[in-house]
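So the structure is just underneath, and the comments pick up after that.
All chains are identified by letter, namely A, B, C, D, E and F, in their written order; residue positions are counted from 1 within each chain.
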């Protein structure tokens, strides 16, 4: 069926929705139910998706239920410690097999007719075994829970239905050099500080996701209060607009702002005569403490460490619907408090989405610092977050407005274009733009969306 | 318009949804809005539907409002006692003509412009008669409420829009031999113990209906507590799995379980030296008392009576959306209490359905027994029913899960196949399978669904 | 895309929905989601729509937010006093620009990225101006809020997206001769007595709108109580059915009933030996007082004044979704109390609509009379209106019933046809029918609906 | 003390203590009133109204936080009633068969909470603030219509029992989600 | 005084005044009962029931205003329980693992308001009318299921504490919008 | 007595009787608090808070009946506030014009019911359990957003009036149906 040429029912083709030359996207793209169904197949059926962190299910047979696109999946650790992701829909008659948000179970028995499955989804059998209730037309392997492909990255559990597609590494591409600075930098790695916050908004998942692709400019107006009340940019958010934006045609991006510009004490970081531990004492990334210096050196290259210290990634995204927050929150004492979070924006139909918010730290981050990071995370991000409740307000408006017959035909515009010249002093890979924030990262997001949507394969 | 070849908007044809060879049905079938609209035309526009029991409207001009598919209909008795079913939508401007759930009225006046109709739907006239508000383009006959075809069966009111289609007898086919044992066995016939319970679930009507087509296996797991707490199967539900399943290509079915297997005292029923009244004293069908023996003999053949005593139908369905419950509930004394109910599962859009639950007894069942049957019915079935609240739980799950882009493409499986050999000792008609419950009855349901859905005529 | 030939997905063409010969409309027209989308383009994208009255925003920079079809628009007065209507959707990323229902602001700043606009929608600039966040691909004019075309009529603010289409005068056509009697008759003109009542019904906008096209007959039954309790028609509503109905192929209409028939004192109005002021003393239109006689004479022709006195328009519509109420409510003293209102029925999807109710009077109507008119308006019309809550009840029923597979294929009928002979004594223009109310006005409404729907241009 | 302010007065100034006899009587009055309305005993309900009653529901508008006082609009109303119009409404509902929007009637439930009472200059009159959540079910709809509001009442003691002398209903929507206010709040 | 009437009696005839000791005790009883139900302490809840309890929920039908008495249908029920069936229901929920419709359980909140109490001929028994709004959330649904109702109880004082001797639940829908009544009201 | 249990304590152990002075004062406190929040008098609201307040809303998870104690997750929160963060929230809402998610503010109504109170070892502190149903309406939406919850408070008497010393909000959804908790519960 995937080769059936799909047009929206008013005759529009997908390529009509995006004007590649003028960098415009029709507003209707945010509210079209037919388009949504195609996205579920061509995007969410293909990409890698974050489902959680392995620290959420530390023990053999631990499991949790998560959404992967609009499907319910079982994320379970088997008795050997390996993590599996399987469709939480019974292959018999489509009942929900596992009905608890989390727990520990060596087998999962479907309540409807009692078919049982292992944590890896393998079909064990049906009750009153001699009767072979499951019949003889299919063998047991064919009666297992549908299995996704899983890759752990810094303990983050990524999965995809695209069994033979690109690996996670290939999917992340050149940008992985940067992501490694965040997700894969200490010996014990990351942990989730708890289960994710979850809440549902009447918004299209793309509203959240295109914003996550490093929309830098909105902070100036939408988060105006951060300057006024929270000491961001020492009261002038213009400085937050400056920095380096890295991105790639795969739709990922990061905004890296110089510490020296954001914090008075940041200048001192440049003193390379200091040891790494000493420099971390001045200003360390979220969750990192000076004693972790050797670990950083083991995990990252010198270039990565230098960037992590001097101009670390602060916000960014992994295509299509993952946002990264690696933020340095100004504190009265002058030493910022770190904030480390990832969210996914999971669709629930064309006009709703679930916001899933994990707060992260290194496993070895001291408990007191974890507590502080968790509190700051809860206060600034997610459900009641003073920053992010405003971030999501436009999504709600877009969802309502994009239904209008006039509004649907105007465009979203991505016409602020960086000087294409790569800064000569920058050592990292991918597309690199310096200066005042522009729309190139978001535009890459849309180009990648377009590529996948035009690819029925 | 019915000849317009319909494909779902992604190009799928209806025949793609069912694999006749491997007995699989795509899960998306439970959640597809386009398919639903076709069902409303090709199934609910054609089949016979149960609307109630004539005992609910015993007097001339009594009426009640019911749903027939997704249409509102007036079920009314005329002054001569005949029952009519008409579309409760004004032929003038589509206002709801009758707005009370039940009552008594010799005429029904539309509140909008005052057109009036008789209980049989006949147009009487419009107000200020001399002005002929209804115009002169159509004659009065053409201005009547749209009329359905009605047949009473054991007092149950069946109706269809298929004016020239099969009779109810033809629609029931060979299975009527069995249904007669339940619905047409005493002189005064059945009565509804009260109006039906009604409640709305976020589920597709087919989830409920395919289960009703004698899904025997689910009881073992889904109703596990019945063995533990309620004395079913003397604590082991495996025995409830055994019996005879009768079904036909028209999509109807019944499960008949031997009384001797379910109840200790059941063995004594086999003593044919006893009179029918004496055997009924040992163990009688729901609502039947020994003094009704002559009536049974008048209404049923010897073969039917023997089966009704020894291996009566206990659950089953009439295609598409009617379930029959004719249950013997174990009681401490050893003598089971009867439970007799029919439900319809009426669609309300693709993702909602109304559960309509009538409790039945013979009109001549003693009041005390009726009270006991009503209480048991309320406690086990329908809204708060301890059995049926669990039956409907999978329907809710299926409705949610079937929206997932992965889940919609997996299949419902009906691959447990009976030994095709008909038990030689069985005297009744239709397809007959003996042994541990299998999926053939449900598969017949789907084949009949497929037949109707492919028939645009 | 507008030239793409659109069929509903079951193959139905728009022209199949209306039978021009038998004056019937398929009920499904009231509940078809695909049709609705076409209406939003071909009707609401083209017609003139009422958005409010200029007295609601009397001062420079005053603004209010209104719905135009399903789009949100900003209605704002600029510093020179001119009123503009612009799409309240940011041309940058489709955020809601103005978020207050009303207020006063010389500029409107979008909260998302800070783009600012003048009351006339002109783009002022983006923040941190030197950075040209809005890019250089488009000039500033192209970044303004999308602008509608505006015409004031008696202070009523009409707007359309059809920039080069017919003027409001052309749109009103011959019927304007009558509308002028209501909307343009005094020197200072009309005022809105306050902001409009707003409430949302689960109904299709056409249910309300086709009724508004002078459905005269429903009053007899649906408003029966008006005769019983409120002294309408001296207790017999039949007299309310008689009068003159004027209409045109543009879909507008008015019902004009002779004052002499409705009120005892109405006969005295015919005495042309009296001065206009003296006649107004006997019985004046809503909001008019005798001292306004010279104003009426300045604004209206003798013929218009005579009709306004003797047989004024009392209810009517402007196509597609505006109803006019210019009602004389019987009072114990014998002198009726005037009631003057306009409503729009704004779609909110196929199955919801917003009822927007403005109460009007002349600016120079004495405050005491305004208060009385407002109270009577609140009590009889709109949200809690004793008359209009019954008017909307059929709309709710139609919305539910039209979903039924049988109901959707029956028809709405407009088969009560006036004697086509124009009354010789009538001086006004347009189609004129005399006698007992008929369906011609509503049929004109549907013909105009059909014309626009078949016109993809 | 005036009801024209945006904020509630009742219970803040000159409070009548929760648990005091007057408070308890007012609560009894409101609970019984709700029972009469829910059970469509509207003629009994009219008996609770003072002859000089003002019964209003002003419009609401969305305004920014710093203009919160403008969210209540008292130039236009959803209800603007006196005793005569209320009696006419009740007569229409109870004595005719053509009050179609509420006949058959919806099933309403008026949950009354957050009762606060203040005394006034008149020892027999009390400013009363209560919250109402009305659930409303018509025909066989599976979803309730909801309306929440604050009611600001003036309750007057007359001959040992209470009468409702003023009610202002502060509805919580700028565009109501109910098809009509054919029921009293 | 009988509960079979369409209209509420409690609080109108022979009223137990709001704020009186009995009223306060009844309120305490109902609030604690709600807490037990919401926290699925069902075995504790059974302890509040009299052995002769009648626990019913009659059907509702839509009828015109002048047939309001027919809107409550007492020939068929959504609940028709005695102590035995209630105990079986609780045993199923608490002692087995196959009460799937409520296991995992929904998160319910039973808001109790509008309490009115009357005395009866038996000085230890009280007619009690209360309103309930139950919010119900299952799995990760973003919308609550709602049910509003009046509960007409007979509460009996036994050995210094109360027992529920009768409950009739007047539901406000003719077709319930919940997938089941697997929870108590 | 601790608030960390899954089940409510307030009103069960060491109960403060309904109708007693302390109970009535607590009720007054909560009703006035709701009025301040609903009317966006947030600076007044801050005046009700103790300097050592803990204000939290733990996550909820769906779990089987026999793991009911795990449905409240206290390792992650929707709110985890102290007096400083609460004051910052209020300052943002009241003193800036860029708290966009609640400016223009939604119209909220906080219906408070099912109040139960217990004494503690400290004679000036009381464990308080109350139910809240919050209706929330933004712009011209025709449907309300709803949230129901139990609030477990510690209320402290300070200089003759009450301060809120602890609030734990037990929300009834595992995935909230509101776009944010930009409002207080």
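FYI, contacts are C-beta pairs under 8 Å (C-beta built on N, C-alpha and C of every residue); 3 or more make two chains touch, one makes a residue touch a chain.
To keep track of the chains, here are their UniProt names: A, B, C = Ring hydroxylating alpha subunit (Catalytic domain); D, E, F = 3-phenylpropionate/cinnamic acid dioxygenase, small subunit.
Keep in mind it's a predicted model, so treat the numbers as computed, not measured.
Visitor: Can you list every chain in contact with both chain A and chain E?
Guide: Both chain A and chain E are touched by B, F, going by the contact rule given at the top.
Visitor: Which is the least count of steps on a path of touching chains running from chain C to chain F?
Guide: Graph distance in the chain contact network comes out at 1.
Visitor: Is the number of contacting C-beta pairs greater for B-D or for D-E?
Guide: D-E
Visitor: Report the inter-centroid distance (CA atoms only) between chain A and chain C in whole Å.
Guide: 49
Visitor: Report, in whole Å, the distance between the mean C-alpha point of chain B and the mean C-alpha point of chain E.
Guide: Result: the chain centres lie 32 Å from each other.
Visitor: Can you list every residue of chain C that touches 2 or more other chains, as numbers and ranges?
Guide: 9, 99-101, 111, 198, 200, 221-222, 354, 393, 400
Visitor: Considering chain D alone, which of its residues make contact with at least two other chains?
Guide: 19, 62-64, 97-100, 102, 104, 111, 113, 133, 139-140, 142, 146, 174-177
Visitor: Which two-chain combinations qualify as touching?
Guide: Those chain pairs satisfying the definition are A-B, A-C, A-E, A-F, B-C, B-D, B-E, C-D, C-F, D-E, D-F, E-F.
Visitor: Give the list of chain B residues in touch with chain C in this complex.
Guide: Against chain C, chain B makes touches at 1, 4, 6, 9, 34, 37, 40-41, 44-45, 68-72, 87-89, 91-96, 109-114, 126-128, 131-138, 146, 161, 349.
Visitor: Using the touch definition up top, name the residues of chain B that touch chain D in the complex.
Guide: 99-101, 111, 198, 200, 348, 352, 354
Visitor: What residues of chain E sit close enough to touch chain A in their complex?
Guide: So the residues of chain E in touch with chain A come to 98, 100, 104, 139-140, 142.
Visitor: Inside the complex, what are the residues of chain C that reach chain D?
Guide: Listed in rising order, the residues of chain C that touch chain D are 99-103, 193-203, 221-225, 228-230, 354, 359, 374-375, 378-379, 382-386, 389-390, 392-393, 396, 400.
Visitor: Which of the residues in chain B end up touching chain A in this complex?
Guide: Of all residues in chain B, those touching chain A are 9-12, 16, 22-23, 27, 30, 217-218, 220-222, 238, 241, 393-394, 397-398, 400-407, 410-413, 415-417, 436, 439.
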